[in-house]
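Take a look at this one; I'll ask things after.
We just call them A, B, C and D in the order they show up, numbering each chain from 1.
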Amino acid sequence: MQLSNKKWDLDYFMSQREEVLKAWPTGSEVDLDEAIAYQAQIPKEKRFVTKLNEAIKAGKTLIQPRAGVPLINEHIVLLNHLEQEGEADLLPTTIDSYTRLNRYEDAQRGIEESKTSGKAMLNGFPAVNHGVSGCRMVTSALKAPVQVRHGTPDARLLTEITIAGGFTSYEGGGISYNIPYAKNATLQDTLFFWQYTDRLIGLYEDAGISINREPFGPLTGTLVPPCVSNSVAILEALLAAEQGVKNITVGYGQCGNLIQDVAAIRTLKQQTEEYLHRFGYKDVTVSTVLHQWMGGFPADEAKAFAVICWGSAVAALANATKVIVKTPHEAMGVPTKEANAAGLRATKQVIMMLADQAIADGERLEKEMAIIHEETDCILSRTLELGEGDAVLGTIRAFEAGVIDVPFAPSRFNAGKIMPARDNNGAIRLLDVGRLPLNDKLVAYHKDMIKQRADAEHRGVSFQMVIDDIYAISKGRLVGRPQ
Amino acid sequence: MRKTLVLGVIGADVHAVGNQILNYAFTEAGFHVVNLGVMVSQEEFIEAAIESAADAIIVSSLYGHGELDCQGFREKCDEAGLKGILLYVGGNIVVGKQPFEEVEKRFKAMGFDRVFGPGTPPEVDIACLHEDLADK
Amino acid sequence: MQLSNKKWDLDYFMSQREEVLKAWPTGSEVDLDEAIAYQAQIPKEKRFVTKLNEAIKAGKTLIQPRAGVPLINEHIVLLNHLEQEGEADLLPTTIDSYTRLNRYEDAQRGIEESKTSGKAMLNGFPAVNHGVSGCRMVTSALKAPVQVRHGTPDARLLTEITIAGGFTSYEGGGISYNIPYAKNATLQDTLFFWQYTDRLIGLYEDAGISINREPFGPLTGTLVPPCVSNSVAILEALLAAEQGVKNITVGYGQCGNLIQDVAAIRTLKQQTEEYLHRFGYKDVTVSTVLHQWMGGFPADEAKAFAVICWGSAVAALANATKVIVKTPHEAMGVPTKEANAAGLRATKQVIMMLADQAIADGERLEKEMAIIHEETDCILSRTLELGEGDAVLGTIRAFEAGVIDVPFAPSRFNAGKIMPARDNNGAIRLLDVGRLPLNDKLVAYHKDMIKQRADAEHRGVSFQMVIDDIYAISKGRLVGRPQ
Amino acid sequence: MRKTLVLGVIGADVHAVGNQILNYAFTEAGFHVVNLGVMVSQEEFIEAAIESAADAIIVSSLYGHGELDCQGFREKCDEAGLKGILLYVGGNIVVGKQPFEEVEKRFKAMGFDRVFGPGTPPEVDIACLHEDLADK
């Protein structure tokens, strides 16, 4: 089949499916009809979509951690703790890195070594190895709905097993789980793999089971300009919608500048809805998620709390539907459950203190929104042009051409030509626009903003600025200025 | 003579930012750097070290699986004829926040010459390299 | 001498001084000429005024803890720790409660029992008992400038000893260290006592030694409407300036609503300068301080960090000259030095991340500023009217008349007629305006804002709302809504 | 019969907010409250208890000097003829964050019937009062 942004034929899907389920023995546990029946009996209040819709209606911001350990019982204890002691509204199951690369044998080794050593030897929950029944043990043990969070280029089997396993939300996408998470995976492959995932979710939708889907917003988490991450999120929303997904949470990783962050979340929601409508997907519900600072964290726990709390404030002021929470252990390693719960409680306190507040609107915010809107339109219209109207082809060609370009990405298929740095107010701008199709006015704007900062710091524009900015937050500041 | 380093992030690890900065910092400091980027297997490290007649192999691991990924690395080096090659490892090399002394001990037992904790700045690695490679 | 807002005659001051220095044996250590000479040799960078002026110029926000323990060496170790591990820009010496009430014998007992028990038995540093030499041991041991922070109605001897002891800033005032800190002290007495303090600082100014003075902004720290605390701060600035004080930091305790807090700090600075100019004090430098949340804290440390960090964000966004920092132990008791330093580091991180940012201006902020400005003018013009143009007499009569009224104050001389509660956005409004001389428009505004909240909560306006609001932050929210 | 409580904040302590709330809560709960407010000496507590024939004295201390301020209170009560009167103390009664069990022990040794830690909500005090005063 020629890859394009077209809803997969059911028969084609089913034929692919047979192969997918064979990749690991637990695949045989999946029976779609039984899985739909299982999902159908999950109470409404334990479904992601319900919680998100309630939050949108009430103008609330929900809080969600990241968490996953190798063994089932320990994982349940962990999530229980985050629900009880962390006051989490939504729960995750973070998948380990071997599973993300379909290395189920290595994952098995990790499970065994974790059992014998009594230490977690994997950085997440190997859901495929634990199978449908293992997943159901987890999802049924908790009050809050549970989402699969990972970073898997080929997540087909993982989707089958986890959705049959009672998860009601699923993170990822063919771009956002490739470019930041892989080195050699082609976009052709991953877009195809994720069409499968989305088509499967679409089948559940057809059966009346609404599963939330969430493109991974922050990408590499490191100085990603809002226009780049918003463009990717919107494209993935379009691709998911085409396969029948009806409930999408578009995401964004906090940049650090309040006005830019609020502007980014607002335009993200607006433009996602705009593009979905333009392409005829009129019955998709869009919510938003802000990820607390996704770059390098300070090692000191008090300072880490500060980064967490400021991210929470931004989420509340931007009125994001949910916020993904970091922990005071972030710089050190996978957090203990206590550290994870502490991050959640701090977040909850900030969110609640700001629940009834909004940022003062004003010119600066409007201007920032206009800029992100225009930049994103530049990128997306060129992308669609390259794809001759097809978003899938457009995406592939846009990455080839550097029209979409993610800074610091490990992927061979990412141009790596743009160079971001902060302006004098800490907003992320482009020191080098690479081949992003921004119009002259926008290019001049970026240049000017970076120059203003360089002047203020009495130094020339250089790569050293970028390095300084990468280290800045972990060294206790936003803008990496010379000391 | 300019010393040659083989640099990379081991295993299934895709954390690319620190690697790009180390590459930049080592090069600025006057080393010849063969940067293999992320997702590098033990075999790839060894191959590159042989090809470039490297003086040291600098292994990064950030994602937590470092302990699994590094098992048997020194033995493989020995087998490949890289006996005694300088082996560094650094980053977030184990899962979670563990006492550094214990982690260091485990990795030294695996045959690493130096072990660095989370967030070690490039200056420190460079100073150690100068010291360890001075008499070679 | 008839009490009025007139600069004290020098001879009169000197005659009073003789008595004051006799109140406790350490008083005899004070020699004004020697003290001026001692102050004159303190390096510029160890002076409060220098640091504040630099911060104003650079648009920076400095951070300062509260801290004090009974014994000299332990106190030095504590402040050293806060400077080194807490990255404090400015240091405090918090005075114990017995000293604040001139109960120097009880303080002595506290010192002795602290020595024998090895536990701190006083809640602060008994500076009078330690005398000039003890104070100099402290102030000379540190890099940062040190301020006296207390709550002393009659602080005359304390001022003499601590300023001679090398402190370069002094908190308090005849209103702000009476109404929230005393039960039976008359304003006549405390205004008189503080004229003494200000006149003494004025003498140092005459000798070329600039000492910073800081009225205590937060008052009772509990739902104080900005117009009340701003009015008090402005009055105390006027009284201090008349006695020759030239460097004043006016303060404000965070209310919790971002827009109200930023508006309050901005109008505080504006109106203080306005009134100083109007009364002819043209050479006074005004800086501002925001106190992180001064009411009841959450017991959980993660949540306490959240309250601390949100206060820090507000201080940065309001561009206060400094911020007074709370600790994760706040709800429990006097903090350990480690907890204190942790609060500081979290604050520093937030301040630095927001250093180059400002709140988006806009209509809502302007409106809030206009309201506080108008309310404060109402209170101050009626106060001055009551005093027939004299700010001291006006203050006394205004408190008698309930024209100035501090909520939850322990003082018998405070009317206690106003009743504050939050509106639907968390801003502090008046459920009962008591006898505050607000104009009809303002009274209607408060009534309306409280009613909007009551309606949103489907309950009537009642004292229960006030109680709910008092507990709210410690229970994890800003507005105390029914559950 | 309605029970009478004497309420106040001991010593040089001016923390007025909790006192106002306790006054409100105890009154709402049906007690007759004699509220002495803040900065109350042991003598004032005892005098008011005698005058009002109180069933209990509720001492608050927030500012940290509670341990010094409460020394000898039970003995003074005994001397004044208030032998066996119910004595509660609560708030932030010592300096700093100390293990509650130890603090409780020290205050019980001083003769307090019940000792409450920081932030105890009024509901708890009221429940205890009902229990302790039931049989009196």
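Observations, loosely collected:
Here, contacts are C-beta pairs under 8 Å (C-beta built on N, C-alpha and C of every residue); 3 or more make two chains touch, one makes a residue touch a chain.
Keep in mind it's a predicted model, so treat the numbers as computed, not measured.
Shared contact partners of chain B and chain D, listed by label: none present. Chain B and chain C have CA centres that are 54 Å apart. With centres defined as mean CA coordinates, chain C is found 45 Å away from chain A.
Distance from the chain A centre to the chain B centre is 30 Å, each centre being the mean of its Cα atoms.
Not a single residue in chain D touches at least two other chains.
Along chain A, no residue makes contact with two or more other chains.
The complete set of chain-chain contacts reads A-B, A-C, C-D.
Interface residues of chain A, counted against chain C in their complex, comprise 256-259, 298, 300-303, 305-307, 309-310, 312-313, 317, 341-350, 352-365, 424-426, 473, 476-479.
Within the complex formed with chain C, the chain D residues making contact are 11-17, 20-21, 24, 37-39, 63-65, 67-68, 92, 94-98, 118-119. Chain C makes touch with chain D in their complex at residues 96-98, 100-101, 103, 106, 109-110, 113, 119-123, 151, 180-184, 220, 222, 295-296, 299, 329, 331-336, 339, 408-410, 463, 467, 470, 474.
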